[in-house]
Every structure is written in C-alpha cells, then in structure tokens.
C-alpha cells in the first residue's frame, strides 16, 4: 500500500523482472554458505554452490535493453539448466521456463499475470520432480506462497501486499519443513534422521519469493 | 581443507584434462561442455553407452571409457549431477547410428538431467534409452524415498552392457542386458570418516573417533545409522547380510563380488574385508566366481568400503570376461 | 584409530589371506613364515624374483606377484622389514633352478634381513643375487644418511626385471636389467596427512591444517621439510624438479612416469598432478611414453603423492610393454 | 658391592643369564610405548613393538633346565632374527648370536667372560650395521657401556659394580644421542630435524645394560 502500492501501479515491466532476477541472485549469493550447510546436514553439501553458480551465469547471460519479461525469464531458465546440475538445476530451470511461457509476449504483466506465472512455475517443478506438499522439498515453500499470492489478489490486495504475503508464506512453509521426514530427493535416504533440519531447497525458494516481493511491485516491499 | 588441487572451481576440469593427458590412446576430453569420449568414437554401427554423474567418485565414470565399456562419460561438478548439455554434446560426438543407452544412477538430480538430455536428443532424431541403477539396499523403504540410490552396481552395468555393445548387440539387446545386471546387483556401504567437497571446504559430516556410519551412499551424505566402531569382520557381515538377503541368493548360486574402497581406505583393509566376505559366502554355499577389490566408485577421500554382489549366470559371466581396455579397468588386452 | 581391521596383531596375516582368496588363479599365500608366491611356482628354468618389505605399502609387493613380475613377496609387519625366514622359505618354494634375485628397497632393516636370508640360502646351495632400489631424491646427502630410500622406483624394477625373467633371461641378465632400471629411476614424495601404524594406534606425526611435508618416504616418517600448503601445480613442480635434475634428463629423452597416491588420495587429485607433470615435461622437451596414475606404493591411509620418472630406452620399453598379470598390474593378457 | 658383590661371587650361570633375558624382555615391555613414540619422532614408529614382539617370542622359546648360557643366548638370537624384522632384529639378533659364541661351552662365566661377551655383541652390531659412535644409534649406548665395563673390571671392581657402571654409561650414551644428527638408519633421512630427539635404539640398548646390571651379578644392582 502507500508509496509501494503506487509504484506498483505502474505494472511489472522488464525492468522489474530484471531487478527480481538480480535480487534473487544476490540473496542466494549472500546465503550460499547457509544453503550449502543445510544441504550438508541432510544432503550432499552443494545446494548453495550449485544455485549460486547458475544464477551468476544467468546474470552474465541476461539479454540487454529491449528484452521482454519472457526473454529474461527464459535466459535464466537456460542458464540454470546449463550450469546448475543436481536436482535444483532442472527444477528451477523448468520453473523459469514455464514462467517465461506464461509471460508470453507481454511487455507489462498485470498482478494476475504475475500470479499465473508463479502458478506455472510451481506446476513445472511438480511435474519434473513429482513431489507433493509435505515431502520436505522446495514445494513446501512454493505451494503456500502461490496460494497466498492468489488469495491476496482475490480479496483485492495490491501486488506489493500480495507478494509480501507470498514471501511470508514461503518462509513459513520453509520453517514447516524442519520437523518433516523427507520422502523426496537426497534427504529421503536419511529417513527419520532428516527430521529437525530445514530443507535447503525450501530456503532458496523462500529467498526467490522474498526477491519477488522486494522487486516486482516496484520499490522495497512493506 | 587439504587437497592436491589448484583452484576450487577448476578441480573437475583439471582432473579431466589430466585423465585425457594420461590416456590419449583411450580417451579424448572435451571441456565445454565437459565430457570424456572414447578416442576412437564414434564407432559406426555400435550402440553408444553414456554415463555420467557428479565428480568425486573416480575412477567412475571417466575411468571406464574405452573399448568394451563406455563410449562417453559426463562428469558433473563434485557430487552434483551433470547438466543436460554435457550428455547432449557427448551423445552427438559418440553415437554411431545404432542408438544411445544412458546409464543413470538413481538420484533425483541425475534422473532429471538425463531425462532433459534424452528429450533434447530425441528431438534431434537420436534414439535414446535409459537404464537406472538403483542397487543400494541401505535405502530400505523405497516407497518413502526417491528410490534406492545407484552405487557400486553401476560398475557392473557399465562393464557388462559395454561388452554387449562392443560385441555389436542391438540397442534393445544392450538395454535388456543392462537391465538384467541392474536387477541382479545389490550393494551396501559404510564410512569410517566423512569427506570434504572442495567448494564447501569442510567435511560434510563429523564422526566421533569411535563412530562409523552404516548405509552411506557415495556423496559424503550421512548414512542411515551411526554406531560404535566394530571389528572388520562384523562390519563385513553387516554389509553382506542385507545384500545377500535382498538378492535372495541361495546355496549353489554364483556371484561376482566387489569390495570397493571409498577413496581413502588402504588396500590392506579391503582385503581384510574380502577375506571375511569370502568366508560368509562360502558358509552360505554361494560361490564367488569373479571379484574386484579396490577403489572403483569412491567418495573423494572418504575412508570406508562398500560391498556389491551380482548374481552371475553364463551370459553375464561371458560378458564380464570379455576384453576391456579403459583407464581403470583392463583385461584380455 | 579408525581402520577396517580385526585385531592389530592379525592385520597383515588377514590382509595377506584376503589377497590369496581374491586371486587364487594368480597367487598362493603361506603364513608361517609369511610369503605370497606365484600360483604356478616354481617355474622350472626361470630366474625367481623375490621382493618384500614392511606391509602398509599395498599393492606393493604382494599385488605384484604373478606372471611377468614377482615370483614371491615377503610382507613384514606394518612398516617393518620382513625377517630372513620369510625370504628363505619363499626362495625355497619358488626357485626354479636358475637362481634367485632379491629386489631390496634400501632401508637398513630390509638390507640386513635380506642379507641374512641370502647368506642362509647360499649356504644351502641356492644362488642369490640382490639389487638395491634407492631412488628417493629427497634424501640429499647420501653420504650422511643410510643412502637413498627405495620408493616408487621399486615398481619399475619389479615390472621390468620381471618381464626379463619371464622371457627366460639368465640370472646375470635379469640382474643387469634390474640394476639398469634402478640406476635410471628417481622419485620424490610429499604428504598432506600422516598415517597411523595399527600397532601404535595414533598418527606417526601431526601436521597443521595448513601444512604439508615435502620429501617423505613411504613409512609415515616425517619428511625433510615442513611447509605451508601450496597449490597442486606448485607441489608438482617441487617434486618433479629434483627428479628431473637428478636424472639429468635432457630434451629429446623419453620417460615412463608414475604419479603415485600414498593410499588416501582421491584419484581426481592424482590426475590434477599428472596434468601439471605432463606440462612441465613437455616444456622441457621430455616425452612421457608410458605412465601409471594411481595407488602403486602407499603409506597406509596417508594423503599425498609421489612422482617417479624412469629414463626409458627401447630395451626397457619393450620389457615394460611385455604382458603382466598380477593382482595389481595387468596388461597384454 | 656388599651383598650384591657376594652373590656375584657365585659366577654367572645359566640361571642368571635366564634372569637377564627375562628382565630385558620385561623392561622392553614396560617401555614399549616410549620406544615406539621415540621412533615415531625420527623413524617409523615401530621400535617398541618390534623388539617386544621378538623378546616375547624369545621367552616362549627359551630352552629349559640344563641349557647352557650359550644355548639361552642363541635361542634369543634366533627368536629376534625370526620375529623382529626391521633394523633392530638383525642387529640385536647378531649381538646375541655373537654373545652366544663368546660364551662357548662354559656353564659359568667369569667377569672377564661377561666383558668379552658384551664386547663380541658390540662388534657384531658394528659389523652388521656399519655404524660408528656418534651416528645416533644403539652403538652410542653400547660402546661406552662396554668400555665402562672393561675399565671397571680392569681397575678391580667386582662384576656388580662394573655392570652398574656399564648401565650408567649406556644411559648417558643414550642421553648424548639427543643433540646428535643421525647419519645411520631411518632417522638419517631427517637430517637436521633428527636433532633434539633420543635415538630409540640407544634407549633399548640402555635397557639391556640395565637388565644386565640388575641380574647377571646376582641380586639387584646397587
């Protein structure tokens, strides 16, 4: 609302999408060691390194002036698929690819477009990874985030507010992975021993939603 | 972190280059994207076998490229599955017109990246099949996991399917044989120490001076159970038991056995394990007809071992015995 | 101490038994006294090659018993030279009437025990000659030491003299060739970590997290110099330089190169070292015509590596290429 | 002197030689870890284990009643040669073999016989190992011990006193190895870095002389 709401009124153009990508990359770089440490506890200690490598490559390959939101999202998808590897590479890669498709040829995305875009991204991850909510994966952060985003917009909130709620929901969803037993991905091999640790992918997904909240609606989220 | 490396980011590239420099008669190395190909690829009319996975498991997979085994290997970053680009370019470089078989260790990341590569290659008109290796009996409730991990069994699949492909078998036939090996091999591993991923710089997990991890995979990940250190004979029994039971091996059957070191285990200790494994199988009336003892699929500098058993029959034995000439496995030539 | 062992006192016996169980087609194991003999020994009319030394260097020497290499190996306790009894009984079991050649690594203990054995065998009418391997250039002032240590060069002497003996060369001839290899091979090693002798139960020396030892031997003994850790390329240059200089290698010459792991080093790292070694030799105009990269002469679970170079000529290359079939080295068969 | 001197007057019979061997084995067993630790510092961490293994084997194989001093010494020699390995096996083995030869057929050894026996042992070690005094080996303990033994007897001391002096000389000789740079054996590879550490073999040799002083002349040495 307030100032943020006004800026948001401008609509989500390529500049904001670019800011989103930059901020996501920045947040992952800042949390790289934390993400890797979480992965060391219940995985193979590479999630932060993997995602950071991919997002840095994405920044290098980002198309310049004149690129549409879809062009930007597709460039990220390609960089992630080509550079990350592991489980998160194809998953985030697919997410960005689906988001690009959802963005279509539009130069400016309306709030409902943004919601559709995140919904498509989530669906892509679910198709590729065949995981449902509660399996201690990034889905546990993303699914509630997408639902919160849709619900907020549905009840008339502006994009800034809706994305802020989505980011909060993602973070809470990530928190809820802590007591879970993993049944997908590498952490599932630990069985009961995976309990008590945050899923690293859920944290990176929460960071992605945080980046969205801070950039897509314009200025800093409330 | 103590390693014989230069820059953390260059580890896999430089090791791959080293492999190429050491074995120019056997392999050719390509760096962007990164793959190791048979020096004489493409072999026209031959099914091309391609595998790959995270690095840090050497000699797997690059060390198994050559006559009678793989046509190409795609090394990912350390413990991180390779990206589709690598498999796509490798396949284009080595396929000989008779189709491509991917040998994929069952990890979410590997499966998805190979899947993407297969989709891309199919779109270009190259026929691709995939065989999953999922032999780790330490993963018990495969319903509640991403399925069993692919570990030591991979060496058997690559050797035996490689021999079939070398002998000119069709894609159907090579796939059938790879599947048969995959279905008849089981493994289980343990660790005395953890290992350090170069990019992370500290050990993936910490173990007390009197502790060990039972049921580890090959990515320095913690195992299913941590327990007090035991004598080698007991550890051998702990690993061999579930493998034998899961395979349902009966008296009178024959196996190929592998006692594999995790990278930092002295050979002496592997032979102590083999000694006990031989005794256990003998007691059960199961004959070890061939064996491997050494570092075949590792986890960097981890100390520990894994045991793999393949139920053998005449067809598999004949293919096992066929000549192989790769950097890491060689006989009959 | 974390090791896959049962009782400390049984380590060497059990590992030796394991070797015998894994390779019954190649070797036969005898325990009191302890030696490993070729399965088909004695080979009538063939010079018998016997080596031995402390255990903990596996695959050396037991892994090199077989066709085209050793007729017998005598494993001492860990890092302790074997006793004369072992060599005496091994020689009696494997000599084929054409004399015995002892291949002895130059350590006071080894030299004296083999000397005693030779005296005892001569007294029984078996002709015995000895060739010393003393290739460690880290030992600089051999005037003020027990002479240079025998390290990686041993593998070359055993392979090449083994090929000569297999081809039916006389004792004089096999001795001449073994000496020629010994004179033309040099090595140098380094350690990132120490190792633990089972009977002692704690590491022989302690190294800081940022330190390494340059100029180590193969017994977990401290090296000549302790220094801060360096990148692999610099370490490679530090090892290769003295080896090249001491051999007096000139542009245009050919070498067989070995990058050897000390037992706990990931293969990946050895290939990174090989990569740089190849570059250094190329710059100097020296051609690597054959190579070995892996664990060939180790120090238990020590992390580190050694570099060995053998000046090669047609005769030595021909013998190097001759078929060999042992548990640890196999080609041409 | 005093009581010890009187007991010594009886002459060195097989019983005393047996006591000497037992005591030597016992001292080495007690100092096993210390000997190995010294060897870890400048060698390969096996001297204590090696010698202990050999002397325990010697005790098992010791001939029974009726064995002469030479028989006993020869049994020790054979056990050491067959069981120790390393440098110290052939060295101590040769020492005991030469001592046995020096003892000849005698049932009782006079003090001068004892001196000749240790002189022969020292000569055997020097021949086998080709080391001289000052090279930081067991010779540095044994050579001064033999000289002290001969000198004491030469000036009329009784055997107990002479052996006590020999044991002291051995211990001091061992102490003097600490600042030396080794030029023989494994420690020589360390060059300058071998300085500041006691040679393990010199300590085992000093223990041997201590055992001699405590047993060969009868009761406990003064």
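Here the chain labels run A, B, C and D in written order, and each chain numbers its own residues starting at 1.
One rule holds for everything that comes next: a contact is a pair of C-beta atoms (placed from the backbone, for glycine too) under 8 Å apart; a residue touches a chain by one contact, two chains touch by 3 or more.
These numbers come from a predicted model, not from an experiment.
One finds 29 Å separating the Cα centroids of subunit B and subunit C.
If you average the Cα atoms of subunit A and of subunit B, the two centres end up 34 Å apart.
The geometric centre of subunit B is 56 Å away from that of subunit D, both derived from CA atoms. One simple way to say how far apart two chains are is to compare their mean CA positions; for subunit A and subunit D this gives 77 Å.
Taken as a graph of touching chains, this assembly is arranged as a line, each chain contacting the next along an open chain of partners. Of all possible chain pairings, those that touch are A-B, B-C, C-D. Looking at the complex, you find that subunit C touches subunit D at residues 33, 54, 76-85, 107-109, 112-113, 115-116, 138-141, 144-146, 149, 197, 199-200, 204-205, 217, 219-222, 224. On subunit C, the positions that touch subunit B within their shared complex are 2-7, 11-12, 14-19, 21-22, 55-56, 58-59, 63, 192-193, 209, 212, 229, 231-233, 235, 263-275, 278, 291, 293, 295, 298, 300-301, 303-305, 327, 330-333. Against subunit B, in their complex, subunit A makes its touches with residues 36, 40-46, 49-50, 53, 81-91, 128-129, 181, 183-186, 188-191, 193.
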